[in-house]
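Just so it is clear, A, B, C, D and E label the chains in written order, and each chain counts residues from 1 on its own.
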Amino acid sequence: MQDFAESFAIAFTLVVQLDPDLMEIVGLSLKVSLSAVAVSALIGLPLGAALGMARFPGRSVFIVLVNALMGMPPVVVGLLVYLMLSNAGPFGWMRLLYSPGAMIIAQTILITPIIAALTRDIVERLHEEYADYFRSLGVSSAGCLGALLWDARYSLLTVGLAGFGRAIAEVGAVMIVGGNIDHLTRVMTTAIALETSKGDLALALALGVILLALALTVNASVMLLRGTAVRTAYA
Amino acid sequence: MQDFAESFAIAFTLVVQLDPDLMEIVGLSLKVSLSAVAVSALIGLPLGAALGMARFPGRSVFIVLVNALMGMPPVVVGLLVYLMLSNAGPFGWMRLLYSPGAMIIAQTILITPIIAALTRDIVERLHEEYADYFRSLGVSSAGCLGALLWDARYSLLTVGLAGFGRAIAEVGAVMIVGGNIDHLTRVMTTAIALETSKGDLALALALGVILLALALTVNASVMLLRGTAVRTAYA
Amino acid sequence: MLPLVTKNLGFKVNGAILINDLSMTLDADGVSVVMGPNGAGKSVLLRLLHGLMEPTSGTIRWAGQAPDEWLRRRQAMMFQRPILLRRSVRANMDFALRQRARGNQREKIDALLGHVGLKDLAERPARRLSGGEQQRLALARALALEPEVLFMDEPAASLDPASTVTIETVVRELKESGTKVVFVTHDVAQARRIADDIVFLHRGRLLEQSDAVTFFEQPSSSEARQYLDGKIII
Amino acid sequence: MLPLVTKNLGFKVNGAILINDLSMTLDADGVSVVMGPNGAGKSVLLRLLHGLMEPTSGTIRWAGQAPDEWLRRRQAMMFQRPILLRRSVRANMDFALRQRARGNQREKIDALLGHVGLKDLAERPARRLSGGEQQRLALARALALEPEVLFMDEPAASLDPASTVTIETVVRELKESGTKVVFVTHDVAQARRIADDIVFLHRGRLLEQSDAVTFFEQPSSSEARQYLDGKIII
Amino acid sequence: AADDDSIILQSTTSTLNSGLYDFLLPEFTAKTGITVNVVAVGTGQAIKNAVNGDGDVLLVHAKPAEEKFVADGFGVERFDVMYNDFIVVGLPSDPAGLREAKTATDALTRIAKADALFASRGDNSGTHKKEMSLWKSAGIDPTTASGEWYRETGSGMGATLNAAVGMGAYTMTDRATWISFKNKGDYIIVLEGDDALFNQYGITLVNPQKHPHVNVKAGQAFIDWILSDEGQAKIAAYTLDGQQLFFPNAGTK
């Protein structure tokens, strides 16, 4: 039990000291996960919205597939990306393995299905409401997509946060493609895994506390932004 | 590249042979993750629904908190549960560590925030629509909760699938509290991690393919069930 | 529960004054019809009286008592845009009835649905009903509660002539059985048929409250006169 | 684009026959008013004609041409329950206009909003408008498209008397400018004022199509007679 | 796992990954009816878990840490079980010329001079500690180049090997893991045989005085068996690709 008290003390000390190693790791975590969320949103939002509004044969198969891909294990994603980017792999020449770029790619693959699946559901329900009007107006598919995504933006924010949560908390994939190399690809989760394997559970927990604080900060900032947005725009 | 072809071949062989070790691992994975989803739903659905419909001071702080907890790293959850269940911990006397029970607890903690956060958003929007009527009728809080969850059940299915996806794919937490003990607590993801660390990437990938197939099966079954449900009930 | 007395009632949202310093009394007997141009605040007023929203100023008293949950449970409201659950017509009825009494009330539901001509549609998804059918379901649902006060916000707007006759009959029957009805309509002829007294709103203010005959024969405000004549006044 | 000809039009959902073997012709000139009891299929028919749903049997021809996206873009529809985007009043107008032409159309929007009395509410969230205000916004939005055919599904149901006068004036102006208006209403007096010909539906069937004078003076079907008299017929 | 006939063995990934337990344990179980549940984690974590009483027996390769474990009263007594050796593997092109190196320190000096990529476990594991002591005797502090040519992976042996192969770096590994490792690519052993590369495994019973629920009977039975001639012979008999992975040396203490 003393581990708990100890780890809060450690977390506090690390944070107030602004430990430069820690700052580096936190920075990389944020950079990698936020980039992955951004890229995933760029892919997953339109994809999910398209699935939510289009009606075509085989649509439900597609939906099942995207939903199932939410269950893609990080380790498997990591392996796939590893095989692709390794020197023996087809994209080895890009020399991306063990770089933040590789980690962004892996996390993007991991969370795009989550964003797409949740977006699909949200957009589908909004589209039920708007569909007749859009059809009557003759809005182009791209126009519908844009309008649905825009009008659902507050719900999609929660989706984005779910994606961010998964990305920032993820360890399996970034460990394999990033290698947890100190000063190069070490992020919060891989650092936690390392301290755990060293048996330094208190430090590991302390890092966990900091990671949670980080997630909290990101979420709170987003909600604040949303709050002001709602005040100036409309529910 | 031949790893890919090889791993599909291995996956195929393993599956058609109904390899008993594999079946055991698959069974445990399903048991643990489905139990965790069930318990999380039991907690997260009412919690999320309550957050979605109630208005109280500090509500948005609560929401930010739940959203942020989506970013709780599996390794940290694993550590917390480990410290609790360890013989040196407060619940050591339950002798749950290194048992499927511990894995269910860890996954439950991990996915409850996801289910609660996504449920909150969905229920909140439905409640906007129903609130006046419920208030007019004088429906009790419990009654509102039940009605909202029931009427949102198809969207909540996607939420449940997201939770399942995260659970079945998760490795960090079950590794720490389960210990990846052969014939006792080894699940698909820990087996994949093990084969990866042995350098048997083809076998690891093969297991990944099987895990994905599993996720696909679960998702497809849920969608089929949903399909028949919609046919007999109403959108 | 009555009389209903409001004193200096006010309601603001984001700086817009939707109800402005409204004081009035509604008595126990007679059908009160609320009239006024679009956006005058009729629906907002009903929601305030029913206790769905808190006034930002002023008071509401039901026989001297501040509105609360228990008073509200003795009232019912038909919304301008019916709020229907994503369930069958029957399940919508069932849900409402269950809030007042336990047990299977199949016969009561069938009788009420029969009364509003929805018996054959009992198993349809409620939200797939036609506009008029939705309003009829909302009526049946409200009647099921046997309220002492019934707020009806343009309940006949989408009804066909026969159903309009039905709803007016229902209102008369309710009045006779001692239920207070507060009715919103833009249909002047309908108001003439059912109103005992008229509450006339304009831009959130109470411009006139008088008995129906006086209101229709000699409205005291020029706005009411223009409103009845179909002249644009907002 | 006209005449509009339907042949043996049918529409079924889950075994329920909503439109049954309906053959009719709508000519280019005059306002066609669709009447019939609640649930008769008026809204479904409009949606079929506008091409929002595919008929399950029969054909629809616009001047001989099957309905397609291009024909639909030359039409507009006001839905019975207005479908408003979760945006401001102005943004709703803007979205509609942008589907037809690029560029800033602020003046046009202001003019249209002024025409329906919503100028002061331009920055309000559209879905917070009162029932009548929502219908007026839907009208402004439809007019903005300058359609050749305009389907209006009970557009005056929640309008105050003055707005009702306005909308009837608009319909007359549209008719004069050559726009075909197909109008659904339960208000017999209103139908008498604006209709040139009447399409009378009952349980998904076309019972009568005749010019307005004939219909109101001597309806040929007993159902139409009962409907006009406010007798329950469904 | 509170069953009388089963124990939890806290051990390292390298022993598990080598397949040794799959070879040894069925025989032990068949003989005694005792199931051995292996939890394979980093050496540090294994010891920490044992300190917390979450295991009955500890089998790792970090002698000083094990001795401290016993000295602190968490373990009853530590016994040598077996050994193997560490090796350095790398690309066949051997850019730093390690194959010409005479000793381990010489080899590491060449790596540092050439700025050749080197993947270190960086996880305070037995292997990592050994590597650090070798750097020390070479008089080099590689961590000043961390993130440059010196890559601390902070992960297990398998993961570190995967990483080394992936980026073309040298790395130090125990022989057992190397032999059983499947993702070798074209990697070869570039350094072996120095006495300084000796790798000793030890076994310890968790102290029942600290943790009363320790299954002493079954745990001791396992220790006795593995230290017995029979157990030792079995260890010696384990081969992969014709190579012996572990060399029993019980009794040397």
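The rule is short, and it goes like this: contacts are C-beta pairs under 8 Å (C-beta built on N, C-alpha and C of every residue); 3 or more make two chains touch, one makes a residue touch a chain.
Note that the structure is a prediction, hence the values are computed from the model and not measured.
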item	value
Neighbouring chains shared between subunit C and subunit D, ordered by label	none
Contacts common to subunit A and subunit C (chain labels)	B, D
Starting at subunit B, fewest touch steps before arriving at subunit D	2
Inter-chain pair with the most contacting C-beta pairs	A-B
Euclidean distance of C-alpha centroids - subunit B vs subunit C, Å	47
Rounded Å distance, subunit B centre to subunit E centre (Cα mean)	35
Distance between chain centroids, defined by C-alpha means - subunit A, subunit B (Å)	17
Approximate Å spacing (C-alpha centroids) for the pair subunit C, subunit E	80
Shared interface positions of subunit D, touching two or more other chains	none
Sequence positions of subunit E contacting 2 or more other chains	41, 49, 156, 159, 162
In subunit B, residues with contacts to at least two other chains	82, 88-89, 196, 201, 235
Touching pairs - complete list by chain label	A-B, A-D, A-E, B-C, B-E, C-D
Subunit B-touching residues of subunit E, taken from the complex the two chains share	1-2, 8, 13, 16-17, 37-41, 49, 51-54, 156-159, 161-162, 180-184, 211, 213
Subunit A residues within the subunit B interface of the complex	1, 3-4, 60, 63-65, 67-76, 79-80, 82-83, 88-90, 113-114, 117-118, 120-121, 125, 128, 155, 158, 161-162, 164-166, 168-172, 176, 188-189, 192-193, 196, 201, 204-205, 208, 211-212, 214-216, 218-220, 223, 227, 235
Of subunit D, residues touching subunit A in the complex	47, 50-52, 69, 72-73, 75-77, 79, 83, 85-88, 95-96, 99, 125-128, 145
Touch list for subunit A against partner subunit D, complex	129-130, 132-133, 135-139, 143, 147, 151, 233-235
Residues on subunit D engaged by subunit C in the complex (per definition of touch)	16, 36-39, 42-43, 80-81, 117, 121, 124, 129-133, 136, 154, 157-166, 186, 188, 226-234
